[in-house]
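Each chain gets a letter, A, B, C and D, in the order it is written, and its residues are counted from 1.
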Amino acid sequence: MKATNWRRLIVDFRLFGILLLMMVVLSFVSDRFLTVDNLTNVLWSVCLIGIMSVGAIYAPITGGIDLSVGSIAALSGIVANVLMNVYGLNWMLAIFITLGIGVLIGWVNGMVTTKFLVPAFIVTMAAKTYLFGVAMLVSNGDQITIMQPKEFLIIGVGKFLGIPIPIYIMIILAVGSHILLKHTVFGRQAIAVGANEVSAKLSGVNPDRTRIIVYIISAVTATIAGIVMASLTQQAFAMNATGYEFDVITAIVIGGTSLMGGNGSVTGALIGAVMVGFINNGLNLLDMPSSFHPIATGLVILIALIMNQGFSLPGAVKKVLARFRTAESLK
Amino acid sequence: MSVSAIRRLILVGLLISIGAALSIASPSFLTLDNLMTLLQEASLTGIVAIGFTLVLITAGIDMSIGAVIAITSMVCVNFISYTHLPAYVFIPIALAGGCLIGWVNGFFITYFKLPEFIVTLATRGILAGLALIAAVKDDQGFVKNVFIQDEVFLSFGETVGPVYIVTIVFFVLAFATQLFLKRTRAGTNVYATGANPTASRLSGINTDRTLIGVYMFSGFCAALASIFLSARMMTAMPDFGIGSEMDVIASVVIGGTPFTGGVGDIWGTVIGTLFLALIKNGILKLGLSPYIQPIVIGGIIVVTVIADVWYKGFAEKRATRIARQKQALAKEGV
Amino acid sequence: MAKTKLMAMLTALLVTASGVATAQTSYKIGYLPSTVGQALTQAWRVGIENALKDKKNVTMQSLDAQMKAEIQVTMMDDFINQGYNAIILQPIDAAALTASVKKAESKGIPVITLNTDTMLPHAACVTMDDTGAGYMVAENVGKSLGGKGNVAILQSPPGAQAGVEREKGFRAALAKQYPNIKIVGAQNAQWNKDKGIEIMNSFLQVNKELDAVFAVNDNMAEGAMIAAESAGRLGQIKIWGFNGQKSTLALIEQGKITGTAYTNAYNQGGMAAKYAMDLLTGAKKKGAATEIIKVPPFAATKDTVAQIKAEDRW
Amino acid sequence: MSANSPLLLECKGIDKNYNGPMVLANVDFSLKRGEIHSLVGENGAGKSTLIKIITGVTNRNAGSIVFEGQSVPVEHNKIASERLGIAVIYQELSLIHGMSVAQNIFLTKEPLFAGLPIIDINKMNRLAQEMIDKYGFDLRATDIIDKLPIAQRQTVEILKALSNKASLMIMDEPTSSLTSTESAQLFKIIRLLKSEGITVVYISHRMEEVFDLSDRVTVLRDGKLVTVLEKEQISPAEIIRLMIGRALSEDESRHRMVKKEGEVVLEVEHLCCEGKLKDISFKVRQGEVLGFGGLVGSGRTELMRAIYGIDGFDSGRLTYLGKNYVPSVEKSIAGGYGFVPEERRLQGIMGGISIVGNIGVANLDAISNSAGFVSGTKEREKADKAISLLKVKPANPDVLVGNLSGGNQQKVVVGKWLIRDLKLLIVDEPTVGIDIGAKEEMYQTIERLACEGVAVIVVSSDLPELTRLSDRIIVLRKGQIIKEFAEGVVTEEDVLRAASGIVEGGTQ
């Protein structure tokens, strides 16, 4: 095992370590925490963010960002419902077509960023806005309850071996995404484009094509998350999943992926999502006011970032204190 | 004429023609009341956008501005509810609070070399939570939104003649910031830091201090906007401004300040803000479905930026062609 | 079609501009809910539209305040500037909208508020009485539990007035009538179904004995139901929602949700529209104080839900 | 030492370590007033560390520095050193884009209106123009930096230093991106500075420049002072011997052009590209090293990009391995091309990822199966092969390329092509900014490839390099082939004359 692999492993392992530490602390704080039921529930509740994260991670890997995942998820739930319950299509066909629309949305995002050279931040921010409008328009702003088909509803709430199906979907997608990133030509190309686009291009990578695929992957996983969400909540609603894009980015960043491009860890993103899930679950179990959730998440982001930067936490605190001391002495 | 000047001219032209079209389509558009409300709206976003423009010039981003608006309004309302301090005492304190938040952002960004987006996203969460905790509660512990009756504080929402004070402040602030950027050393440092941080450091610019200063100014602007917003609404809510980041970013980007840093100015932002406010106001007048609004706004952002990139590309090509011709002529001359 | 509408608007404006208000033959009514994307606000709109359907000289425009008080205030300004004749408003927050309502009223535009009253007097408030309905739900829960047990609350976001009122009514009733019922948890599920599931899951984890859940809207109640069903504890827990949207009524019929505080939102919207028309045509005169029109809540349970007619389900 | 001592700067016993091995050990360094003093040494010899200590970018661990008769404290910093009158003209230009010449010259010390914190722009432009005119530079104070060629930007840097009243100017590899004419112009400026009494420290890998310019030369090796040569002792061969501790064999015969008889690998016919290239035709054969000379901007890089398939061209025909060929990067790579771009850091390496990653990207076809899955073992084998072929140091494939020295980075860029079935290698400026040892290795690599039958195209502004490597030299000027040296002995001067348009006594 070579040095950087060790380092990578240590970063991943460190995340695992923090995760375990959180689990230990939480199990002391609440005796209800460390139960199979509860842990299953946490996974169940993070699966939407998890599914989105393992696909959206490619955008930061190539140095971009995708802020439109929330709106895509909401829209896809609505589209799937319209196809099934207005046009009466078979549920599988409906899902298939919805995924196709996801591909289209991702393609548009990718095309605008690459061919028109507009920063991904602006493109996907605008997409977030107009896709929300489209979702409103298609659903007429209604909060639609999806009562059937029953097979569709099983996706979200059904269980296999006592574990909800969305968790399987999340894990399958995560494994797939991990393999895609670490063991395929496309993964190598995405990392290369993020590390140095020009150099990648001169080495035979087509950066535009890579980027377009990246946004398609991101949109497709968001679509899958949207379908799972629609099934899980038995609801299609334009305001579903608003603000999820920030949770997704949080998970990705806690997982050690830099927004500058050139590296990324799917397992990290998944752990990041679960970590945020643990924080929320812990606060819920303790019956803390909801105002603590964003505070705790924000602090975890900062701590994770500082640690990913190679600072140990006590070291960082010491550094800060030292700085204050010098500032004092200068006065 | 430079590229940015032509671009600005086009935007102003669009602004005027859309305004003219609206005046014809809806007689209620070209009324003093409506124009003043439009300006008031634009000014509230615009004040925040001025601070944000500086951040964008340094190639950074500040996602915490919305949360700064929320927490500042909470600070003010706490002063009003629980102390008898006059407004002219606690408003400076609240503004200083905005600066402090900016300092914290800048500190994490410069000292730990963390990406701006994530740091400010984290502070956004923390501040949003703190705003809820700081909110004034009733006897049962539920958040209570206080109806503000402090005369001095409310005077911030008043008008001078037909013009809202916030509009005057917006234009004064815009003018002052533009002067600062273009005509002071510190302002020059902001551009230099955004264009080439390494070179700036080598030239003796303290880029860390510049960055921290810029984030402090962004926090200050958001806090200032918050006071005008609270005064206008005569109340303060813990979710004030949260989500308005997108409008601010859109205004600045439409105004022509790119994400790449080193370029941009305040007049662009002023025009961008007016443009966005005009579109929003116009959509309301046209009796369109409310669902169309996000589609139009999203579309406009994309179209402006695409047009920008295209035009810049075209202008660059033209410039290189001219330069090449000139060079050829000069060489032949020798 | 659009042209005639525009023409109508133009004439209306010209007439307004000429200042002959009494000779006015056409009216513009603005409808401004907290958000357009909710079953309740959609139902109100339908109710308003139905009430105005046969009035050819009235146009109605609805805007989306996107759950943000700042945006709602802007839109109020816009209605005022455009010279609307009456505004039907669901204030996102009482304090935040007071100034706007006052401004409209001072320009002679009557404002009829829905559900949330503002702090200064205006034309009328057509309300489903959140506090009272919350109280009613608690009485039902208390009765069905025999005055003893554990109850959890799925809250709205802090500061969301309607939700807070409902919760206050609920808590007041329990404190007064059923002191032995313990509130074991109250968490914010952000009005959302998916958050409803998440929060309910943790309630189920912490409380092995949970007898009832009160969600301050139906959406969250439906989420709680999904969570309870998945945990296999649906039969042991009474789930109450609030509003009475169509899907929840159907779930009550299926016995999955215990009950909800139903309000006929179509009716409520219609009442607001009618009140506005009465003021505009002079059939009614505006009083000094806000006229409070209460739409009584109805406790829809499996036994009573059949009384709600199909056309009243929204 | 008094202020009127002949010495401007005197460093004694400087030690420096960055929490590790000694980078500088007991180094003495002194500068006389108004001299041109070269500082030479291989990469890693400690030149840049010494400069950093003098300019206050980093602090020394031990030793004393006296500047203008004043002792410089250990806790020295960049701004303080500038105030003392020490200026650095950086290798990577340190100007601010988007700003005018005047703004750059006066950055952080813009003239203000009396008593106000407001910049007096008119005065700033006037002062800048006065300075420009005083030295007779071809510049306008209001020109925006982005639009100036590199040589002029360097002039702006020098002006910036002059405006700081610098008495010591340190130039780190100033000619690395300049053409010969521009370099000559720069030397004129340097001598002008000297005549103004300014001391210039000149750092360069180009020995002929050091030889031409210097009054004295300080040689460093492995963090230690080797010697200080006086004017009369300076000779390129001597400096090189001192720097690397051994004499390099200058293979004189390489200057003779050699006719190769191998198969034609690539034939270019009548290639035109509007505004860039005009009617370019040439052939390159197996085992041949074809050199391309010419000034920067003569179209060399554009030609390489066109035949590699990065940028399109308007008309013309390419024949590659006997078949008509329309190039695209992907097809070129698959067909056996290799391409080493001009700017290593910006175009060559992916600094943030490992050697394996860098090498793997250009060999994805070889390390993956048809389903698109990459074999980690194959990838590693390839990387190890490239590392051992070129002796990359450290020989650890997991090291981030950004952490390697310039020479090793270049080896990675070249290495990723060597492990392919290479038929044509295009190298654009192969040895810019790398030390002499690595340079020599690069030359040997190119020669070995040619021996193995690979056709190599070398583009270089370094004339000794070009003449040494090439079997045939084509010189471009203004996008056209102006001269081809196919046989006989070619001197650097011949190439330079052709590139400058001086052909057989007449001006082109």
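The criterion applied here is as follows: a contact is a pair of C-beta atoms (placed from the backbone, for glycine too) under 8 Å apart; a residue touches a chain by one contact, two chains touch by 3 or more.
Every value quoted in this text rests on a predicted model; they were computed, and no experiment measured them.
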Most distant chain from subunit C, judged by the mean position of its C-alpha atoms: D
Higher-contact pair (C-beta pairs counted), A-D versus B-D: A-D
Whole-Å gap between the CA centroids of subunit C and subunit D: 72
Centroid spacing, where centroids are CA-atom means, of subunit B and subunit D in whole angstrom: 43
Gap in Å, rounded to a whole number, between the CA centres of subunit C and subunit A: 34
Junction residues of subunit C, two or more chains touched: 36, 64, 157-158
Residue numbers of subunit A (touch at least two other chains): 136, 141, 260, 289-291
Touching two or more other chains - residues of subunit D: none
Interchain contacts (touch definition) - all pairs: A-B, A-C, A-D, B-C, B-D
Subunit B-facing residues of subunit C, complex: 5-6, 9-10, 13-14, 17, 36, 61-64, 68-70, 73-75, 77-78, 80-83, 93-96, 98-99, 119, 157-159, 161, 164, 167-168, 171
Of all residues in subunit B, those that touch subunit D in their complex: 179, 182-185, 188-189, 191-192, 195-196, 198-205, 262-263, 319, 321, 323-324, 328, 331
Touching residues (chain side subunit C, partner subunit A) in the complex: 35-39, 42, 64, 155, 157-158, 185-188, 190, 192-194, 197-199, 201-202, 205-206, 219, 222-223, 226, 229-231, 245-247, 250
List of subunit A residues in touch with subunit B within their complex: 65, 112, 116-119, 121-123, 125-134, 136-137, 141, 246, 249-250, 253, 258-260, 289-299, 301-302, 305-306, 309, 311, 316, 319-320, 323
Interface residues, subunit B side, partner subunit A - complex: 61, 108, 111-115, 117-119, 121-126, 128-133, 246, 249-250, 253, 258-260, 289-299, 301-302, 305-306, 309-310, 313
